[in-house]
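The two complexes that follow have chain A in common; it is paired with chain B in the first and with chain C in the second.
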Partner chain A sequence: MDPGKNQSLFKDKPIKILLAKPGIDGHDRGILVLAKAFRDAGMEVIYVGLLPTPEEVVDTAINEDVDVVALSLLNGAHMTVFKKVADLMREKGVRDIAIVGGGTIPDADKPKLEKLGITGNYGPGTPIAEIINHITERAAEIRKLKATGE
Partner chain B sequence: MKVLKIEEIVQGILDGNRRAVSRGISVVENDYDTAAARRIIREIFPHTGHAQIVGITGPPGIGKSTMIGNLSATLSKKGFRISVVAIDASSPFSGGSLLGNRIRMQESLSKYGVYMRSLANRGLNGGLSRSVWDTVKILDASGSDYIIVETVGAGQADLDIVNLADTVIVVLGPGLGDEIQAIKAGIMEIGHVFVINKMDRQGAFIAMKDIEETLAMSPKGEWKPPVIGVNSLNGEGYEAFIEKIQEHRSFVKSHSDLTMRKFRTELQRTILEELRRRFESDISHFLSDNEEIKQLVRDKIDPYSAAEKLVKKIA
Partner chain C sequence: MVNDSKSYWSSKLLALREQNSVNNRAYEEWKKKTLEPWNGGNSSGGREFVNSSGISLKEVYTPDDIPKDTDRRLLGMPGEYPFTRGVYPNMYRGRRWTMRMFSGFGTPEDTNRRLKYLIKHGESGLSIAFDMPTLYGFDCDNTRADGEIGKCGVNVSSLRDMEVIFKGIDLSQVSTSMTINAPAAILTAMYIAVGKKKNIPVADLAGTVQADILKEYIAQKEWIYPPEAHLRLIRDMMVYCTENMPKWNYISISGYHIREAGSSAVQELAFTLADGFHYVEMGQAAGLDVDDFAPRLSFFFNSSINFFEEIAKMRAARRIWATVLREKYGVKKTRSLLLRFHTQTSGYTLTWQQPLNNIVRTTIEGMAAVLGGTQSLHTNSYDEAWALPSEDAVKIALRTQQIISEETGIPDVIDPLGGSYYVEWLTNKLEEEAYRYFEEIERMGGILEAVKAGYLQKEIAATSYRRQIRLEEGKEVMVGVNKNVEEGEQPISILRISKKAQKQQLDRLKEVKSDRNEKKVIEALDDLEKAMRKENENTMPYILKAVEAYATLEEISNVGRKVFGSWKEPVIV
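So, the complex of A and B:
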């Protein structure tokens, strides 16, 4: 194992992440490339292909008890779909699963997503290392929250 | 709901609450040797014993996950509560894992509200993960009628499932070529039901005959493992398949020695682990003592004698 890949917080307890592409447009090889990159960075990656509805995304995240849900959309529906995922999480009282976004997201939408707790929001072409760093930071917050309640 | 406390997790598991079940599994997976994990298992254990644990093993790509989707749907329709656990291998290089079994069953899981959890084996050999033993206890206590466990799928190496499951389903099929002989060497003895999947494919009947002949030559116990052909794309053969699973459940229920054997095996493993944990620090302390080691090397003490002496001292 490369030194530093599995920082002590995640040693023997890898970050668990759900990679979800809500919706039904199935032509995105990009998400499998991401899944493999996350695995190679030491994460346990739930890869489901398509999860048609935000309800399914949230149920799957809860059942798998992931640290992070990574949502990806290339069709411009992020303001409705990502928001719905965040709303459902809140309705179900889940505040210990982080949501990060990605896809074709105009800069103007990013602050609105951040307000909903959806961070990252990287566009295509972002270096994968940057995405992984961000996910690791969010996962660290979540692990701390689970351990201490704050 | 805020962050869950242990007593909320325990109560939630017994109430069948999904969040509590999920978090409970995370605790036994990530913190299995902690007081919290042990407390969960201790408190839920009296409520286990109802579920039938059905293990599904067989080579990669044979259709195990697809089959679990079908079984979940069919058994849910009959009114049973189903839970699924599927195990994938962790990468020995990064420690990460791509948990992809869900893809093939997601539709049934969503449609019938079936609980499913993916686990990485985290380096354990034998087709299971360390955490699966406690995971099935949690799912059992949460009210499942059937818990279906998919093994990693490394063919002949996936033998541990026989210690975990009440009923072991060995899935084989056409097109395995010479590989089938190697796979058979390990798994013919552990199956309670043999399923030939992909009956729509050429060579399926030959595969079925091959397995039947091998079984005919094997020593016979009281349970005669049947061989069933199914097509997981259209559901053909599933009624007969499920009947066999239920028949085996009755068989297990009427043979209390099987339950005892299972418990004995798990207890043995747990005792060995407990011993290791207990003496781990003594041993590593001894091993890192340069003076001790130097002396052993100088006096040409063989490793057996040195180990015996250490064990006498610490045990």
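So, the complex of A and C:
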């Protein structure tokens, strides 16, 4: 896709994204690289460090009014922990925050995560540009929703 | 003469810079006369040749690139100072490296079966991986642990789980390595307790716990308390094991995770050794004689994909360790100067795409480890970018080592690359760069201060980011990822950990809690708390008592959380 077409949506206010590793997982190489890359791409990045609970992730996302929450896990617990984040969002009635995922996620799990509204779900070796495009797309949806829905 | 106002590190660095300054005249002449006309006037052919450590490489190395007295002063013979060529005089002719495959997943029963499978296929040492909740000191019934039980390793919530893992395995005949850091003292105590139940004297238990907490703050990030508290508990374990467990290696100073977190080879080398020096100072401060404990310190390095750089790194590590222990810490006995190490091939270099290619990568990395003189080796399985390895994949990885060992002739001659102009030059260069970091760390007030300030973490993150950008730009290549890409790859079959593991662990923990004598548990935990509050009391006997009363991993860890608090990492991005 062409990231240029959504540019006007973010002109005054860059994409605001929360990066989080909910659950118990210290593998932070990937998320630290992405934090820098997203910042270099002009996004406003919040990274809360290791070991936040799903509750803390959702609360931070709401309080910071982010466009996107990007979840990363490399410990195999994504089906439980990502789902908890998505469920909490739904329980709190949050519809204007997109959730994207990444990590070591087997192909078979991806459709199940998509069904929960968690998209992307990129594995190792994905080009950063592809991830940024996807986030930009999701953030654009959110901005449009905010502009019309509220 | 050494200038007194200069530190040890600064003087060494100066000396190494002097030693490594190269007379390039013959090379420059060759380049002009032969190479450039061949390349049509362009000396490099337009490409940039640089290794992971950011060191630029020439086309060729010659005797001019290494000091004249390299043989005598920098190498020595195998088993002789400074041990560049190997720690033992006979190396693999005497004894092959230990083939130690890291395993552990699911329930203690699953792991017990996998260990027996590996023993049956010729593995010579056990190595246990624990799941994330265990590594962070949480029990399986903590809500945070939901979905994580048994996923990255085996779950251990109480002594009962350890009893199952080692069921039917004779602990007097095996050596066991446990990859555990923050709760290392607790798992060591559990191992002692399992041994006691099998009537094996504590002095006969052989093995290693990782217990390298500094690299947890630097790279692996599996900590519980602030650094000072963990270091104190490790000190207690060092003292206890020095006195009671002659076959127990109580710290495995690890570069592996530093590298996996994104560092370069030289950062891995420098940060790991700097951690090692800190443990030496800690042992001395605890009143131990360095010759009593230095032989128990072992190392753990990564073998990544840049073949010669890895070999040079391992050779440099041996020389630096021996030199610094002798010159700076006054070590007398030869045994204390030996840097013995375990190696694991690099997980980061494995690709999700075209996974069978990973067998080739692991083979090359395994060869580098053997050429680098490793004492034990874990070879990764080809499916590990996807998940924990399946049984078939593990078997191929083990067979890879067996082929290197039995068929290739590689282990027949010690340090066969010694004397290569390139490898010697690179060994010297990595050594020099490591001292540059030692000096920098000293300037920051020592490794502990550097870690707390996030300095090492930032250095690693910067290297990792640079590498990622180079990949994105195609300046570095991963076959199947950013070159030779195939469309429509089919997923491979992988090991899945069923939810049953969690259920089974929860049931067992419930059973343990209802079977145990609650009064004894409370008493043991109270005593432990009192011991923790007294800086000079050794906590190890109290931890052992708590473990034997079936206090759980989390209950014991919580005593520390109460006394020492939890760690909050410095912000680095």
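The rule is simple: the second predicted complex is superposed on the first by the 141 of 150 C-alpha atoms of A that agree within 3 Å, B and C clash if a C-alpha of one lies under 4 Å from a C-alpha of the other, contacts with A are read in each partner's own complex, and residues count from 1 in each chain.
Note that contacts are C-beta pairs under 8 Å (C-beta built on N, C-alpha and C of every residue); 3 or more make two chains touch, one makes a residue touch a chain.
The structure presented is a predicted model; accordingly, all values stated were derived computationally and were not measured.
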Partner chain in contact with A:Gly49 - chain B first, chain C second, else both or neither: both
First (chain B), second (chain C), both or neither touched by A:Asp12: first
First (chain B), second (chain C), both or neither touched by A:Asn63: first
First (chain B), second (chain C), both or neither touched by A:Asp96: first
First (chain B), second (chain C), both or neither touched by A:Asp107: second
Touching partner for A:Ala35 - first (chain B), second (chain C), both, neither: both
Set intersection of chain A contacts, chain C complex versus chain B complex: 35-36, 39, 45, 47, 49, 51
Chain A-touching residues of chain C, taken from the complex the two chains share: 132-133, 135-136, 138, 144-148, 151-152, 216, 220-222, 260-262, 348, 351-353, 385-388, 461, 464-465, 468, 472, 478, 480-482, 491, 494, 496-497, 568-569, 571-573
Chain A residues touching chain B - in the complex, by the definition given at the top: 1-2, 5-6, 12-14, 35-36, 38-49, 51, 56, 59-60, 62-65, 92-96, 145-146, 149
Contacting residues of chain A [partner chain C, same complex]: 23-26, 28-29, 32-33, 35-37, 39, 45, 47, 49-51, 53, 75-77, 79-81, 84, 104, 106-108, 123-125, 127-129
List of chain B residues in touch with chain A within their complex: 1-3, 18-19, 22-23, 25-26, 29-31, 90-91, 93-100, 102-103, 106, 110, 115-118, 120, 122
